[in-house]
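Order of writing sets the labels: A, B, C and D. Residues in every chain begin at 1.
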Amino acid sequence: MPDLKTVVAEIAAEMKERPDRGEVAKYIPELARVDPNAFGIAVIDAEGKVFTGGDADTPFSIQSVSKVFTLTLALGKVGDRLWRRVGKEPSGSPFNSIVQLEREQGVPRNPFINAGALAVTDVILSGHQPREALGEILRFMQFLADDVSISIDHGIAGSEQRWGFRNAALANYMRSFGNLENPVDFTLGVYFHHCAIAMSCIQLATAGRFLAHGGRNPTTGHSVVSLDRARRINALMLTCGHYDGSGEFAYRVGLPGKSGVGGGILAIVPDKASIAVWAPGLDAAGNSHLGRIALEILTRRMGWSIFGA
Amino acid sequence: MPDLKTVVAEIAAEMKERPDRGEVAKYIPELARVDPNAFGIAVIDAEGKVFTGGDADTPFSIQSVSKVFTLTLALGKVGDRLWRRVGKEPSGSPFNSIVQLEREQGVPRNPFINAGALAVTDVILSGHQPREALGEILRFMQFLADDVSISIDHGIAGSEQRWGFRNAALANYMRSFGNLENPVDFTLGVYFHHCAIAMSCIQLATAGRFLAHGGRNPTTGHSVVSLDRARRINALMLTCGHYDGSGEFAYRVGLPGKSGVGGGILAIVPDKASIAVWAPGLDAAGNSHLGRIALEILTRRMGWSIFGA
Amino acid sequence: MPDLKTVVAEIAAEMKERPDRGEVAKYIPELARVDPNAFGIAVIDAEGKVFTGGDADTPFSIQSVSKVFTLTLALGKVGDRLWRRVGKEPSGSPFNSIVQLEREQGVPRNPFINAGALAVTDVILSGHQPREALGEILRFMQFLADDVSISIDHGIAGSEQRWGFRNAALANYMRSFGNLENPVDFTLGVYFHHCAIAMSCIQLATAGRFLAHGGRNPTTGHSVVSLDRARRINALMLTCGHYDGSGEFAYRVGLPGKSGVGGGILAIVPDKASIAVWAPGLDAAGNSHLGRIALEILTRRMGWSIFGA
Amino acid sequence: MPDLKTVVAEIAAEMKERPDRGEVAKYIPELARVDPNAFGIAVIDAEGKVFTGGDADTPFSIQSVSKVFTLTLALGKVGDRLWRRVGKEPSGSPFNSIVQLEREQGVPRNPFINAGALAVTDVILSGHQPREALGEILRFMQFLADDVSISIDHGIAGSEQRWGFRNAALANYMRSFGNLENPVDFTLGVYFHHCAIAMSCIQLATAGRFLAHGGRNPTTGHSVVSLDRARRINALMLTCGHYDGSGEFAYRVGLPGKSGVGGGILAIVPDKASIAVWAPGLDAAGNSHLGRIALEILTRRMGWSIFGA
């Protein structure tokens, strides 16, 4: 068994050097100006030991990685009734496709495409003011990461809101089918803000630990969800966590993972580790290019694929 | 840890009794007349011990489960060049959808939907007579199952061919984009015949063992594929093995698996076991209803989910 | 040649009696409460003689019939440059479909589906305040109908705006492709208000006369568009004026026509007459059920089909 | 009123010179080798006077123009029951799209897209041998054109059959929904052969005369269909006769017309004339480039648009 500390350090060094870095998201200026040379990685093992490389404590915009946590929150609130509002199947379409919504009457295919995450946000918002719902989400992230310093980048949230026409289309469209219950602007507002949460790799890997360990953070002892639910969230991450690149990610990396357009990926090694990587350049499917490569190397060297050691 | 023998026996007994049995496929008479009360299960552990329940040695039509093995064969022939002809992503559509093919210029989304399996069959057929290609596939199955008695049900193959208009449409459509190279009837003929291979649960679980053990049957010592390839085939089974019910299967069962319209499912527990179940009644997505439930119970009781123990 | 006055009177009497009246639009309360037994018809011949039947001077919500006039206005402003923003082909989809927009990058298929009419409205709005643009549209209608009493039903406009999630989705979606230039709410606001213009059959038939007579109202002598443009607007009405029922309308009625969800239809008999009918009940495609039947009888009795006398 | 003879001669001269000639269809060698400089036009007025220009008596492959005549035949056989098998709406898709068929359960949108024409052919074939059905279609063409020398180009038919994978896909696909009743190869065979009928502009314009004159050839006095049916066939030609360029054709030319990939177009001026043009180069939508332009000039000069004189 190779030494995890060495492997993580090697990967960080290697990734810093690679010339192929993908394309940084440019749809809002705040993301466009992120340094394409950034790379961070944090791995936390079952004992709670933290192994880091590169820019592991630089906060970045977690964007869609937040959808794992809002899904967890919403399941906590309404349980399996959530699945009346959103499906569990890969979409076979880009993250912001609206075609599937027309065919399936406003029910998004899964909670990780934008439309699905909007439905999940709407569930969390239900009966509350946007500020309250957002506060709840942020406190949940702080609790999971055991770090009250985590905050929202309001510049990014505002910019998303100003330019988020595609998401506004999805939200209005679902609303027309009755699959949003709150005012469209409220749901969109909470959505844009939870996507704009800023976290470092270390914070993100910490927040994901409950998924690696049967629903419970083994260090703090905090129980977040049942074993069964943790497994199921992992399953959804594997089949749907990388949009229309989910099959490729499973094929190459072999771990449940969720990516964000900010270049972050949270990946789970069941019973072994929680991993966060960050590299801002994206591939054609909108997932972190070097983040995926780093995870591929890591799983291979450590024998961590869930599909066979 | 519960006793595997007991768990398998309990599941078989329980499944025999259940009133909800799904709907037996009716599109050809040979499948329509299969006994809906049949149920079989075979589990083979890492040591090669075989645990069975119900009709575990009754042969049934493996249908699309054969696609796991033709994929393995085709990868052996052309390696990663196969991925020029077929994708690796879940389709987000029913198994026989043609819409995606139009959008993506004749390249099927993955090797497990019908269109993708036709492309894989075409690769195996390349430069050979249908009879030769079919012989190769059958001998490969006999080799994997270590049983030369395995054969093709020609009644079923003929019936499929007579009524296989949808598959003929898919094949002609791909041919129009140049993504089939052999005469359409040849490719269709080999496809219909390899889907008509008849195997028992015991034979099928045996044939799948290399996927559970790094590409190698630990009992015979036969190496079939590399560890890396075994992992990747498992990943494809997980994301795409149950058509538009793949997300649900991953969510509930948590194992790589491939279903067939004959009611069979092959499921892999990496490093631990190869499993075949058979229950002819299907659910709405065309996957074995009780087969999936049996696997869900089995994984839960044994703690075998790849998403956390 | 039958006597037009008699034919119009007979049709009005017959339509008042028919039990099959379609379904009144129910998506907003203001439309839902319209009397399903209403029926009006007005035919104005080349000499300017007006033939009426039923509720020909009751104002109703013209809804999408307004799109003929906004198209005329927008063509007057930007000429053929309009066709960079919207196509000229039938959509093969329901009036509010968003699927086509995704496939064709935010360019609506024609100016008469909702998305296309939003793009047309955006052109009219360009560089103005919503109030100004709306004033211009209203004055244009008053000028065409030669009647300054025509007004907007603000109750309907407000209700549309409150419940217009589908149109908001379309507008935001086009905006995401850069095919709306004004603030989404401005364009939507003008759109909802011009759809809420209330007119009687007599007013509407008067307003449409320029289309029947080479671009010019032969009574007032006002020239509205060139002969060529009048022909082309008629062509668009024929191929696209009844959404996904345009083929059926051309097949049965054989005249250029534009329907609205308020139950109105404007139909043009080139060189002969301008016709407006109103019957609030709709058919499955969202077009006036009895309106279409009345026009079918009228054209047949008068030999007015453009497809042969 | 300009002199028709002069106008036709001018158009022919002008078209012979134009450098923009579109792209000759290349999908089979027999069509690819047609001279791109060919241009023919024939106009037959109500009195039966024939005006020609260019290569008006050179036979060319009428291809999809044949669909007007097979539609006429099929309506004669089964009347309005035909509309259970095929729709009357523009498709909003390319001529050979299969997507719409999946969405609408094997019922093609109209009789002029390939799928629809296959359904129409299947109706004509019903209960006969392919040879008999084809003989009937050919004799119908000879009768309409009053010319027994019209024949099928078997070289083209054979080539179409060898390379017609897309049509084979459509046919098999419809068969899977039960919307073809004959053996797929029979229907395809008759279809490919009737598309391979060779006719000159003069023959084609003669064959179309019944559509211009209320269902009856005014010279021979032969009644082919009722006035009502003639109108309706014209309406279908207008809304659907140029595939996904039907709106553009109606907008520019303003006549019912049907194009073929061989470069021919039949256009009808109700009550006035039957027109055939031929120019082998096609535009992006697969319709004759110069054929459409010639018709646009002709209608404008003669004031023949059905949308206003």
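In this text, a residue touches a chain if its C-beta (ideal position, glycine included) is under 8 Å from a C-beta of that chain, and two chains touch if they have at least 3 such contacts.
Please read all numbers here as calculations on a predicted model, not as lab measurements.
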To reach chain C from chain B by way of touching chains, what is the minimum number of steps? 2
Farthest chain from chain A, comparing Cα centres? D
Distance between the CA centroids of chain A and chain C (whole Å) is 47
Could you state the distance in Å from the CA-based centre of chain A to that of chain D? 55
Report the inter-centroid distance (CA atoms only) between chain A and chain B in whole Å. 32
In chain D, what residues contact two or more other chains? none
Okay, what are all the chain pairs that touch? A-B, A-C, B-D, C-D
Touching residues (chain side chain D, partner chain C) in the complex: 87-93, 100, 109-110, 211-214, 227-228, 230-232, 234-236, 238-240, 244-248, 250-252, 254, 256, 270-271, 300, 305-309
In the complex, chain B touches chain D at residues 97-99, 101-103, 165-166, 168-173, 175-176, 184
